[in-house]
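Down below are the structures I want you to see.
You will see two complexes here that share chain A, one where it goes with chain B and one where it goes with chain C.
So, the complex of A and B:
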C-alpha cells in the first residue's frame, strides 16, 4: 500500500507537476464556460441592483391595455390588468436574488457546521448529527416549507429565506461530512493533531480550506435551489403577492390563466430568467475547483498542443538477428502550461530474445514514460516526438514493424498477444465483482474466439499453476486474495496469450519484501519454463542485480549506462550508477560506509546544461556543465555516457575545464 | 546493561494492545492489530521496528504518538503515565513527542505555504506570539539542510520534491524541540538516491539533539541506522536485540525469512536460493499459538497449541520461538 498511495495521488513520477501560482482572476476568466457563467450572473446582479430604478413603469400600475403582446411600448407585453411585464421582471430580479443569496448563505453555513463537525468529531456526535441530517433528508421539502411559511407568516422575505435555508442544508451537510471523513484521515490532519493544534483550528484552517470547492459548489447550488423554491412558493400564493419577484409574476400569470389565454409573454420571460440564472450558476460551478486548488491552477490549459504520433527518421540499419524489440532514438515530450517538457531524450535500446532487460531509474528518469511509449499507452499530454519502436515476431521470415505506426486494430491484437504489460498498481485493476476465472476466461474469449469454453477453463487453471496459485482459487473474488496473489493473477493474465515480450513497470514495488521475493522467483522460473523475454523496470537497482541479464540505467530521460547485469553492478562505470549502488544498505558482509547522492533528482522542467547529473556528481569537472556526454562503448559489451570515461576527450580538456566542480569533502548526501 | 546507563530512558510503552472495531456479530473479537507490545525509547538511541505492511508497526507509531487511543496498556513519559485528555494535555505531550509520516506529499496541507506550516509549529511550541521571526524559520530549515530559506518558505507543497517535503516535515516536528521523534517509514516513498540523505539527517539529529528515535523501516536500512531492532509479525513482537545481532544472527524463522527476502546486491554471487517457507498464505493465520506457525518451515505441534514466551538469548537478544526454548528437564 505504501508506494501505491503516491501512484493514486496522481503524481506519476515522470509527469510534470505544475509550477507557479497563476493569478486567481486569470484562472477564472480563461475558461470560456466559466467566463460565460460569470457574464450571465453579472447581468442578473446588475438587474437586481438597477432593475427597480430603470423599470420604465411602476410594476403594479394597472390601467394599460390588457394582455397586449410584446411591442415597443411594452417590451414583454402586459398582464390581464394592464401591468407592464418587462417592469415586473426587472423589479422582481432583486427579491429573487436576495432570497437566493440569503437562503444559500445560511443554508450553507448550517451545512458546513453540521457536516464538518459531525465528520471531524466522529463517534456519538457524528451519530446524533447524522441522524438529524437523515431525518431532514427524507422529510418532503415542499410541504415542510409551506407549513413553516404559513406558521411563521412570511411578512418579510428574510423569514422566507430562513425557512428555505432550514430545509436546504441536509444535502450539503451530508456531502461535507463524507469529505471531512476522508480528509480527517490524511496525514496532514494527523500531523496537525500530533502538533497539538486545537480542534477549532484544525477544522477552520486545515479542513475547511480543503472543502472550499465543495462549499462554494454547494452554495451556488443552494442559490439556485432557493430561487426556484421562492418562485414555487410565490406561485402557490405563499408570501406577499404584492412584493414583486419572478415567482409572483408566475403566480398572477397562473391565477389569470395566462397559459389558456395564450399570453406566453406573461410567463415565459420570468421562466427564462430563472433558467438563465441557473445556467450561469452551473457554469461558474464548473470552474471552482480549478481556482481553489493551487495544484490544479493552470491545469487544463496546455501550450503548444501538437498532433499525435509524429515519428522521425525511419531509416537506419536493421537491428541484430536475435533482437525482438529495438527502440531507436525515442524522444517523448509532455506538453505543459509552461512549454514542453522532455521526459525521454533519445533512447536506443535493443531487447534480445529470451533476455531479461532491467531498466533502473528514479523519478524523473523517464523509465515509466518509456514503458508507456513503447506499449503506445502514452496519454496526452505525453507524445512521442521522434524515434521508432521496431518489433519482429518470432515466426520465420517475418519483417520488422514499427509499433509507433501500427493502425489501431493491429495494435490492439499486438498488445497482449505479442507483448503484454504488468504495471505497479495492476493488482488493483482486477474487477472486484468478477471471479478470477471469469476475468482470465474473458481475456481468452476476447483474443481466442476459437477456443472451446472447456479449453478456456483448463487454460485458466494452467495459468494459475504457472504463477503458483492453487486452482481452487479460480472461483475466488479479488478481495479474497492477498495483494501478492492479486499481482500474480495479473501476471497470469499477462501470460494468458503466450506473449513473446512482457513489460513490467515496478510490478513488486507496492508489495512487501517477502511477497516480492516470491514473485521474483516465480518470474525467474517462468522465464526458464517459457523462454519469455522481459523488460523489468524498477527504481531498485539491487533487485535487477538479481534477475536481469542486462541493465540499462536511466537518468533524466537518457540511458547513462548499459551492460551485462553482473558487470554493471559489480564494477559500475558511470558515477551515478556507482553512487546509486552505494546507496543500498546491505544485510550481508561488513557494514560499509553509505555515501548516498547529494542534491535532488533532476527537475525535467529545468534540466542543467551539459551532463544532467553534473550538479550531483562527485567527479564532475567544469567541462561537464557544458558538454553533453554520448553513450560510448566501454569494452566489448558495455556502454557509458560520461565525459570522464572518455580518455581521449579528457586529454583534450584545458586545465580550467578540468577543475573539479565540487569540493571533495562535500560528497555527503545529507545536505 | 550498558545501554541503560549510557542512554537514559525517555519513553516506555507497556503492553500496548489495539483493537480496531468492536466484536463482530458472532461475538468473536477480531485479532488485535497490535498485541501486547512493550518497548523503551532512550535519548540518543534509535529503535527500529521492522515487519511487513499490516504487521502493526505504523499502528504502534501512532499509539506512541497518542493519535489513537490504546485499547489496553499504557505509555509512560519519564516514568509518568500519559493520557491525552483535552487539548492542553495533547499540546504538552506534543512538545515532547513528535511524529513524521511516511508520505511526504500528504503530510503538509496542500493549501498552505511552507511558511505557514512551520510558523504554526513555532507558534504552538516555541512560545512565540505575534509574528514569527524570520531567523527562527531559517534556523529551522537549516537544521534539516534546506536553504536558502527564501527559496522554500513561500512555496506550496506541490512545488517541492518528495525529499524536500520530508525535510520540511522533519523541520516542523523539530520546531517543538521534542525529546522523542517517531518516524513512520520516513523514506519508503522517496527515491533511492535521496533516502540516505534523510536517514543520515535523522541519525545526526538523534546524536546532536539527543533525540529518542523510533523508526519503522526495511530491515536493511535498520541495520545501518538503528541501535536496536524489533521485529514485528502480525501485531506481535517476535524478536529483538541490537541491530547487528538481529541482522547477522537472526533467531526467529520470520526474521530469517525477512532477511532472505530483502533484495541484496551480494546475493547474485550466491545464486537464488530457494527460501524455506510456506509463501503467501493470503491472510491466513492461526488463532492459537504462534502466529507465524502456518508459514513456518520449523513448525512443531506445540507451536499451534500455545504462544511462545519471550526467550532471552544473551546480550539483550531475545526471540519468541519454541526453537530456542530450553529442553524440558
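So, the complex of A and C:
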C-alpha cells in the first residue's frame, strides 16, 4: 500500500523557514488548544493524587439511601446499594490513570523498540517486523485482551496494564518505523554510518531525539487508549470489581441496569471523566501534530482574503498604453510569531504585450512570492499589505482593473482565462488521480461551458500536439509520464485558454539539463508561434539572456536592476547582477570560471541597514551600510539601485564613507 | 499486479498467524489453563464429557505438539472450533453461526456510515480551516475519548427509557420468530437503530479528525494550488483535487483501525443485549468459556481481514498508481 504522504513542508514560494528550533515549543505551549489540554490533564492528575484522600465517604460503604439523585449530601447521588458515586469517581481516578500511564509507558517503549529497529535496520529484519506489526494491527484488540486476561487471571492492575501494553503498540510502531526510515536516509546519518559510528550511538543520539514529538503523541494516544480499554474490560467484569476505577463504577451501574432505572447520575460522571481526560490528552496531541506537520500549523486562513486597500504611493498615473500588467508598489509580508517578515518590499514592474519579462534572483529574493501575490495564490501567513496589480484586457475600450480587489467569482473567471501559470514543481503540479485529459478538459469545461465534449477532447489533443506529446498520452496518469513530459503537459494546460499572460515560475529548475534545454526551446518556439506575453522567473540569469526581452533582478524583496535582457546580461551594472551572472554556467556560450556569491542570502527577519546587499558586496563602502539606494535611471533604458552607480552621490561622500567595507576581498568575489 | 500479490500474501501470513496464535495461546499460558478449566468443571460434567472436552481442546498427553497442531488444523478445516462450555454441548461454530450475521449486519452498516459521515465532516472542516468550523477540533477530541458503550448507555436512557421511541434491548421483538418477513425485518431494524447510532457516534470523531488533517495537508499540495490557479470552481477543487487525494491515506488508516472499531462495537452489543458476537463474548467471559473466547478472537480477526480486503479494493479503484504492474 502506498505510504502516507508525510509531513513535508511545501516548497513554494519563498516561505521563510523557521530559524530557531527552540522557538517552536514556546509558541506551541501558548496555543489555546494546548493550554486547555494541559489544564484538563492537570486537574485529572490532581484528582488521581488527592482523590482517594479527599473523597467524603468510603466508596464501598453501603447503607445510605439507595439510588438517591444528586444532592448536597451526595453530589453525584448514590448507587443501588447506597454508595456515594462522587467518592467512587474521586477514588477511581487513581486506578484509571495508573493503568493508563503504566500501559502507555510499556506500550510506547515496545513501539519505539519495534519501530526504530525495523526502520533503522531495513531489509529482511524490517520486512519481518513490519509483517508482525501489521498482523497485530488486524487482530481485534478487545477479544485478544479478553483472552489474555482470562488466561492470565489478571486480578492485579499491573498485569492488566501489561496486557493492554502488549496489544496497544502496533499503531505507534508503524508511525515510528516510517519516520525512522526517512531520517535514516538523511545525509548526516548516512555519513555517520559510513564513518563507522556504532549503531547504538546513531540510534540514541541522532534518531531517537528526532522522533521525540512522534513518541510523545504516541504515548499520549496510548494513555487515552489504555484508560478506555481498562474501562471497557472493567465494564465487562474483568479485573477485580472491588477495586474502584471509572470502569468499575460503570460495571456496577450496568449490572444493576442503572440506565433502565433512569439513574443517570450513576454512570454519567465516570463517562464524562473519561471523555474530558481523553479530550485533554487529544488537545495536547493536536498541538504536537502541528509541530510535526508544519502544514497544519498557521493554517490561519484558506479563503483568499482581500488585501488591505491600496494606499499611498501605489495610486500613481495610468500605466503605458501597450502594458498588459502593471505592478505598483507591491509589498508582501509573512506574519511570523516574531513579527512580520517582508518578502517583497515595494516592487514596481510593467509587463508589455508580447514581451517576455524575466525576473531573476536567488531563493529568498521574493521573486516567487511576487508571482503568488500577483496571481492571488498567496496563502497565509503571507499577505499583500500594499500595492496594486493593474491589468487591462486586450478587448477594445477596456478599463484597468486592480486584480488585488477582484471579488472571488470575478477572480475565478479571470484566472487561467487571462493569466495562467506554470509552477516549479513539475512532479506535483498534476493531480495524481486524474488522467491528463481529465485535467485539461476540466479547465475547458469550467471556462468554456459552450464547448461540446467532442470539441474539448479535440482541443486537449491539439494542446498536446503543441508541446510535442503524443495524443495517446491523453489517457495517461501523471505517474506514467516523465518529469519533462509532466512539465510539458503543464505548459499545454497553461496554453489551453489562450491566456494573455503566462507566468512561468522556475519551470525548468526541477528538471535535468537535457530536459531543461528541450523545454526551453519548446517555449521559445511557442512564443514565436503564438506571441505569448510571459513573465519568466528563474535564478539563472544566463537563461533569461536567451528567452527574455527585459530583465528585472531582485534582491531581498526589491528590484535592484532593470533593463533590456541583452544589455543587462552583457554588461551588468549592479554588483549583485554581476555576481549572479558569474555563478551560473551559460547553457551555451563561452566557458568561464564559475564563482559563487559569497555569504548567504539575507535573513529577511533581520535585514542589514542601508543596501541589503552590502554585507556580500565586493564593492561596498561604508556609506552602503547607511543609505538605501533607490532604483535610478542609468542611460535611456536601464535602471539600477546602487549607490556606487550614482556619480553625483559618490562625489559627495566623505573619505570615511568611501572606505571599502571588505578590504580583504576588494579584488572581487571569492572563488 | 504487484499490489495484489503483496496484499494477498500479507493476508495469507496474517491468517496463518492468527490461527497459529490461537493454537499456541492456551499452551503458552502459565499453569496450564486447560487444567484450570477441567478442574472447574469437575463434578459438573461426567467423566466422558471431560474426556471429550480435552480431546476437543486437542490437548492430550499422548500427542506431541506437532501432532496436536496438525489435529487442530484438521479440525479447523472442518469448521470445528471445539465445544462451548456456556452452551454445552453446542459446538462453538454453531454459536458463532447464530450470532455472527447480527454483528456483521450491524457493524458493516454502522462502521461504513460512521466513516462516510466522519470523512464528509472532515473534508468540510479541512477546507474551512481557520474558520469557526475549527470547533470540531476540541469537539472531536472530546467525542473521540468517549467509549462506544457509554454512548450506548446514554442513548438507551434518552431514547428508550425516557422517550420510549425505540426498544432498549434485544435484536428483535421476542414474540416474533426470525425470518425474512416484513414484520420481523422492521422489528430487527428498529432494534438496531440505537446500537448503530452508538457505534456511529463513537467512531465518527476519529475519522473526522483524521480526514481534517489529511485535507489540510493535501490542500498545500501543488496540484491543489494549480487547480485554484486554473480558476476551477471551489467545489471542484475541494472534491476532485483535495478530497479525492486525501481520501487515499484515509482509506488506508480506516483499514488499519478496523480492529479498534470492532472492539468498541462489541461492547455496544452488550449494553443492548444485541444477539451478536459481543453478547456471546460477554457470556463467554462470565463462564470462562475458553473455546468460545478463542473462536470469537479467530472469527473477528478473519472478519477484519475480509474488511481490509474491501478497503484494498476501494484503494485499487481510487488510486491509479496501484494498477501498475
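We take it that the second predicted complex is superposed on the first by the 597 of 671 C-alpha atoms of A that agree within 3 Å, B and C clash if a C-alpha of one lies under 4 Å from a C-alpha of the other, contacts with A are read in each partner's own complex, and residues count from 1 in each chain.
In the analysis below, a contact is a pair of C-beta atoms (placed from the backbone, for glycine too) under 8 Å apart; a residue touches a chain by one contact, two chains touch by 3 or more.
Note that this is a predicted model, so its numbers are computed, not measured.
Colleague: Please indicate which partner A:188 is in contact with in the superposed arrangement: first for chain B, second for chain C, both, or neither.
Modeller: Touch partner of A:188: chain B, not chain C.
Colleague: Touch test for A:362: chain B only (first), chain C only (second), both, or neither?
Modeller: first
Colleague: Touch check for A:35: first (chain B), second (chain C), both, or neither?
Modeller: neither
Colleague: Is A:615 in contact with chain B, with chain C, with both, or with neither (first, second, both, neither)?
Modeller: After superposing on A, A:615 lies clear of both chain B and chain C.
Colleague: Check whether A:521 is in contact with chain B, with chain C, with both or with neither, and answer first, second, both or neither.
Modeller: First partner only, chain B.
Colleague: One more residue to check, A:432. First (chain B), second (chain C), both or neither?
Modeller: It touches chain C, and chain B stays clear.
Colleague: Check the residue A:539 against both partner chains and state whether it touches chain B (first), chain C (second), both, or neither.
Modeller: first
Colleague: Could you say whether A:131 touches chain B, chain C, both of them, or neither, answering first, second, both or neither?
Modeller: Second partner only, chain C.
Colleague: Is there a shared patch on chain A that both chain B and chain C touch, and which residues make it up?
Modeller: 1-2, 5, 293, 295, 480
Colleague: Applying the document's contact rule, which stretches of chain A touch chain B when the two form their complex?
Modeller: Residues 1-3, 5-6, 9, 11, 17-19, 21, 186-188, 190-199, 205-206, 209-210, 293-295, 362-363, 468, 480-482, 484-485, 512-518, 521, 524, 539-543, 545-546, 565-566, 569, 579-581, 583-589, 591, 594-598, 600-601, 603, 616, 668-671 of chain A touch chain B in their complex.
Colleague: Quick one: which bits of chain C touch chain A in the complex? Just the residue numbers, please.
Modeller: These residues of chain C touch chain A: 3, 7, 10, 13-14, 17-18, 21, 25-26, 29-30, 33, 127-131, 137-138, 140-147, 149-150, 153-154, 156-157, 161-162, 168, 209, 213, 216-223, 225-234, 236, 240-241, 244-245, 248-249, 252-253, 256, 258-260, 262-264, 266-267, 270-271, 281-282, 285-286, 288, 290, 293-294, 296-297, 300-301, 304-305, 308, 312, 315, 318-322, 324.
Colleague: Would you mind writing out the residues of chain A in touch with chain C in their complex?
Modeller: 1-2, 4-5, 7, 10, 12, 33, 36, 131-132, 134-135, 137-144, 146-148, 150-152, 171, 174, 224, 228, 231-232, 235-238, 250, 253-254, 259-260, 262, 264, 267-268, 271, 274-279, 281-283, 286, 289, 293, 295-296, 299-302, 375, 377, 379-380, 412-417, 420-421, 423, 425, 428-435, 442-443, 446-447, 477, 479-480, 490, 493
Colleague: Chain A touches which residues of chain B in the complex?
Modeller: 52-53, 62, 65, 67, 87, 90-95, 97-99, 101-103, 105-112, 120-121, 124-125, 145, 156, 158-159, 161-164, 169, 172, 176, 185, 188-189, 191-197, 200-201, 204, 218-221, 223-224, 244, 247, 257-268, 272, 274-275, 277, 279-283
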